[in-house]
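Which chain is which? They are A, B, C and D, in the order written, and residues in each are numbered from 1.
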Amino acid sequence: MQLAMVGLGRMGSNMVKRLVAHGHECVVFDMSPNVVADLAKTEGVTGATSIEDMIGKLTTPRAIWLMIPAGVVEKTLASIVPHLEKGDILIDGGNSYYIDDISRAKMLAEKGIEYVDVGTSGGVWGLERGYCMMIGGSNATVEHLDPIFKTIAPGKGDAGPTPGRKPGIGTSEDGYLHCGPNGAGHFVKMVHNGIEYGMMASYAEGLGVLKSANIGKHLGEIDAETTPLRDPEHYQYDFDLPEITEVWRRGSVIASWLLDLTAQALIEDPALSKFGGRVSDSGEGRWTIRAGIDEGVPTPVLTASLYERFSSRGEAEFSNKLLSAMRYEFGGHLEKPAEK
Amino acid sequence: MQLAMVGLGRMGSNMVKRLVAHGHECVVFDMSPNVVADLAKTEGVTGATSIEDMIGKLTTPRAIWLMIPAGVVEKTLASIVPHLEKGDILIDGGNSYYIDDISRAKMLAEKGIEYVDVGTSGGVWGLERGYCMMIGGSNATVEHLDPIFKTIAPGKGDAGPTPGRKPGIGTSEDGYLHCGPNGAGHFVKMVHNGIEYGMMASYAEGLGVLKSANIGKHLGEIDAETTPLRDPEHYQYDFDLPEITEVWRRGSVIASWLLDLTAQALIEDPALSKFGGRVSDSGEGRWTIRAGIDEGVPTPVLTASLYERFSSRGEAEFSNKLLSAMRYEFGGHLEKPAEK
Amino acid sequence: MQLAMVGLGRMGSNMVKRLVAHGHECVVFDMSPNVVADLAKTEGVTGATSIEDMIGKLTTPRAIWLMIPAGVVEKTLASIVPHLEKGDILIDGGNSYYIDDISRAKMLAEKGIEYVDVGTSGGVWGLERGYCMMIGGSNATVEHLDPIFKTIAPGKGDAGPTPGRKPGIGTSEDGYLHCGPNGAGHFVKMVHNGIEYGMMASYAEGLGVLKSANIGKHLGEIDAETTPLRDPEHYQYDFDLPEITEVWRRGSVIASWLLDLTAQALIEDPALSKFGGRVSDSGEGRWTIRAGIDEGVPTPVLTASLYERFSSRGEAEFSNKLLSAMRYEFGGHLEKPAEK
Amino acid sequence: MQLAMVGLGRMGSNMVKRLVAHGHECVVFDMSPNVVADLAKTEGVTGATSIEDMIGKLTTPRAIWLMIPAGVVEKTLASIVPHLEKGDILIDGGNSYYIDDISRAKMLAEKGIEYVDVGTSGGVWGLERGYCMMIGGSNATVEHLDPIFKTIAPGKGDAGPTPGRKPGIGTSEDGYLHCGPNGAGHFVKMVHNGIEYGMMASYAEGLGVLKSANIGKHLGEIDAETTPLRDPEHYQYDFDLPEITEVWRRGSVIASWLLDLTAQALIEDPALSKFGGRVSDSGEGRWTIRAGIDEGVPTPVLTASLYERFSSRGEAEFSNKLLSAMRYEFGGHLEKPAEK
């Protein structure tokens, strides 16, 4: 079927490639005309020179997929909506906050325009693996778009059937799912990313403990400020992290796709020297914590993983200065300078 | 080659089955004679009626694998060691604390006995999938036992090669790894389990947030003790957790073997009604935190996952009573009774 | 000066008592006529039978202080505002969310009505100690109300001057402070309560560790599910918590008013047997975390203290069941029943 | 009575000053002869040129108080003990691990030497305020030393009697307490410091949230990596932290001695510019967590406060690099450079 794609970054253009490869017709638009021209040329899709141009090239009911940063969805909608007609469909495949979906869907419903929110996971690997999709919207519209979803989704792939599950019921086995009414797609994706933060942090912390398992070889000075390591003979291990992450990939309880990627990153550069350790967070982690707090559901692990990222960027600096200041006030303790 | 197995619980007997199936010779012993007799009968292995009997049936250098609870290793060693000779090998495949490995290995080295610590992951699935093994000990002894490890290990299985990694170097691709000198095997397994706790908690917390995403439908009373939910319209979702965990299995960033099992558990019983929520911890999580603290490496996520387990068993009760008592003292606040 | 008080709960009526004792004139209203009548009788204040009655008894510019649950402020405002005139002043002394202050102040400003948000700390002790007040609003209005604030505030009291601070500048030495424009008062009070949660939890956790310092006397069974306590001889202490909290009150770094109250609670009932350990939270803690997340400032300690409260009320139950379910799936682990 | 003081750092020499001022006789020793000479001159105490010299100047039963870093207690004991006689008393007033107290007391008991462990709080303020002391040892020895403890302790001071507590029973009202057998003193002090970490972090985090309450004035760029601040109008406050900490000192629930010191630090330098934010930890916090874990008692708040200190010193760096590496692998995300 026909689909317009707005936003031809990594994910948008890869989705277009998957769609074209399966015989769908795509009209594409991006703020950068060169990107549009390139994709039109290499994939044989229809390029559009403007939002209006794009809309003019679509048959009704139009289906327009936005694959753009959450921060620009609002103004992009404002430029598209006036040109749409009753029955047209807008799909937000980015990382919008589900609360915005709820209000947008309501606003669009007043104009007879359908809105679908799609949380999409898969990153740079989606072209090859397909994109896991979590979808929110009305039954009729989500069913109407099923050919699109089926094509973008990964399909059954390597993951075997879940024991006890009847095969062939529903689409989740193919990597996409209609999760509920508007907002449901991004809600589930939001929590998905919250879990992702926690899993990533679990590996990172564990490997950090392995990395420092040789500190018994490097004894520090003795002073009243620092507690000496009691048993240096217990910390004499120089672990080979690429090998350890590799062995965990087979037969262990913690095997996962993230572990596969971690093993790959460590093989490329065991010291990870090209990274500084300033870890970004892009919203979903924060919103997951917020939802947990609204619900009264504790999420200590997910929250800790978010705060590690804040701290990695120096956001705890003032609090830390205050701790040093208090220590100075009550105990006369001076800060120790950084080592090395 | 020949191996004695002490402890025929789930893991010990499954390892014997894998070994026998690949032509190794096993002598087996367990505190329960019936278990020994059963395994001897069904698997054609040599049963032993006592430690002494077992040792008498082994050719030197003897290789004896202990697959028993960490709490009884010490006394089992005491019953075996007096009967051993120089060059014999003791393997602890259970969940011992690596610090005990260090002292045991030292003590046994004085008698010329080799000690190997093997952290083993795979649980009830090991018979089918093989066991991921993390090994500590001397080079010569670990190499000597290689045929055993190769057989118990999962082999390459479904996990593809890691891009950038030269194939055929080392054993980690086959799911077992010599991690370092004594204690290294259990150290790596300890951290593995610490990571496991964090990953499990990440899924559990995220699914907890999804489970309560319908609280907007159940509005509580208004009083000075409770903050009202500000936006009940944002929490109107009745999510289908078995479907959501299923969809995440394909193409998403959080796909993992633990997620496969979670999807399976939820298909069997979406309400998890046969569980009370009292979560055990069996040592490695605690030791991982302890190692992190000794090293000065922060592990907020792994620690939070351990403490959730403590709290699930009611271990925070006194602290919580104290919080209620303080609230009463400064604000006259009375505890609200449990709902329902 | 004249002040109307709406809401004669513990805090509202105690404030009225402090005001009357210092010669201010109070008109009072409460949903319960009996409460109004009682206070009118014992304190000689003017009782009002309705909002309209109250407003009629005030001279302009009217000053009306609301001391009511955050959940009913909105509808109370709706019943008062239509009767007010330009220049009148509404004061919210409860625990409103500062974000509501911002929108209310804006809405009221359009009608020429002044709005002042006052975060008030002091609990049941305020009658005796005075109430610490954090105030948001315009300079002119906050200055106009200064006689009221000065009377309700604690004054210098026991707390000595801060070394390095010039005396007589500003009101903070007297226990009240104009913190900034609207919302600033409740923002500072919100964070104050967030800190309160963290401090309370610090004492509660520490005392919990002291309480269980005798577990070495109660050895559990040995099984594969539970790690045995390695050094029971290190946990043989039966600590006297009332005495310990008492000794910390003098000369220690952790002396505080909360510790005074904790010592008092423990003297009354060392086992805290009248509490079940279900700890409420009333909003400010949640909002503090939310503000930290919006700002990107990590608050791991304050957040942990909030989540402890959630967990104490059983809100982690589903997550915990899921952990048990996973453990069963991968390891065949059964839940251990509760002891006793 | 007579007391020998070994270690004339800030705390040791201040204790000597308090003792001398109340008529006790002190013999003093320090590794630095100048320090000994100075104190002998200014306070009129007896200086010792060596451990042997000091011991020779004491009458039996000797009472020797060590006020030295935990890391040098072991070797100092080794130099003293050979010169002691049955009935002599060694007091460790520093920050030793209580587990060391248990083994030291046992070893000394075999020689008939009494051992007393004293956890001491008060920092640089102890000369003026007195030192809060938590004491472990035998009843007879602790009673014998009562005149010393009573003098060093703060006495009743400003802290009023605890309501409900019978006056005149026990010494806790005077700021010192015999907490139990050996190790009990340092156990209670250890937990005291754990609580101190949590309280300090509570203030530091809360003030950090206040400090950044003006971020709405500084809007960042929009990209897919960063979630935009949704409501900048909610973060427009420039709070005056010295004034806010000052106002909380009077009548608020979070008044404390640590808050007094925080207000003082902020008055001196609101930007805390002389601190870098690298916060040391000196052992007791770590040990408190360890005790909680051994006991199975969750201490999420205290633990978070410890980990903040680790992170402030860069100890999470490798873990953070790994998080960035994972983000790069699955999503092609590049690290954002530090701002400024």
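Just so it is clear, a residue touches a chain if its C-beta (ideal position, glycine included) is under 8 Å from a C-beta of that chain, and two chains touch if they have at least 3 such contacts.
If you're wondering where the values come from, they're calculated on a predicted model, not measured in any experiment.
K.L.:
Farthest chain from chain B, going by the mean of C-alpha atoms per chain?
P.N.:
The chain lying farthest from chain B is C.
K.L.:
From the mean C-alpha coordinate of chain A to that of chain C, what's the distance rounded to whole Å?
P.N.:
Here chain A and chain C have centroids separated by 37 Å.
K.L.:
Centroid of chain A to centroid of chain D, CA atoms only: how many Å?
P.N.:
Computed from C-alpha means, the inter-chain centre distance equals 43 Å.
K.L.:
Could you tell me the distance, in whole angstrom, between the mean C-alpha positions of chain A and chain B?
P.N.:
The answer is 29 Å.
K.L.:
Hey, what residues on chain D touch two or more of the other chains?
P.N.:
123, 201, 203, 205, 207-208, 211-212, 230, 253, 258, 264, 286, 294, 296-300, 303-304, 307-308, 311, 313, 316, 319, 330
K.L.:
Which word fits the touch map of the chains here: line, ring, star, complete or other?
P.N.:
complete
K.L.:
Using the touch definition from the top, list the residues of chain A that touch chain B in their complex.
P.N.:
98-99, 102, 121-123, 126, 129-134, 153-160, 162-165, 170-177, 179-181, 183-184, 187-188, 191-192, 194-199, 201-203, 205-213, 215, 229-231, 233-240, 242-244, 246-260, 263-264, 267-268, 288, 291-292, 294-305, 307-308
K.L.:
In the complex formed with chain C, which residues of chain B make contact?
P.N.:
Within the complex, chain B touches chain C at residues 9-10, 69-72, 95, 97, 123-125, 200-201, 203-205, 207-208, 211-212, 222-228, 230, 258, 261-262, 264-266, 269, 272, 275-283, 286, 300, 304, 308-309, 311-314, 316-333, 335-338.
K.L.:
In their complex, what parts of chain D are in touch with chain B?
P.N.:
253, 286, 289-290, 293-294, 296-300, 303-304, 306-308, 310-311, 313, 315-316, 319, 330
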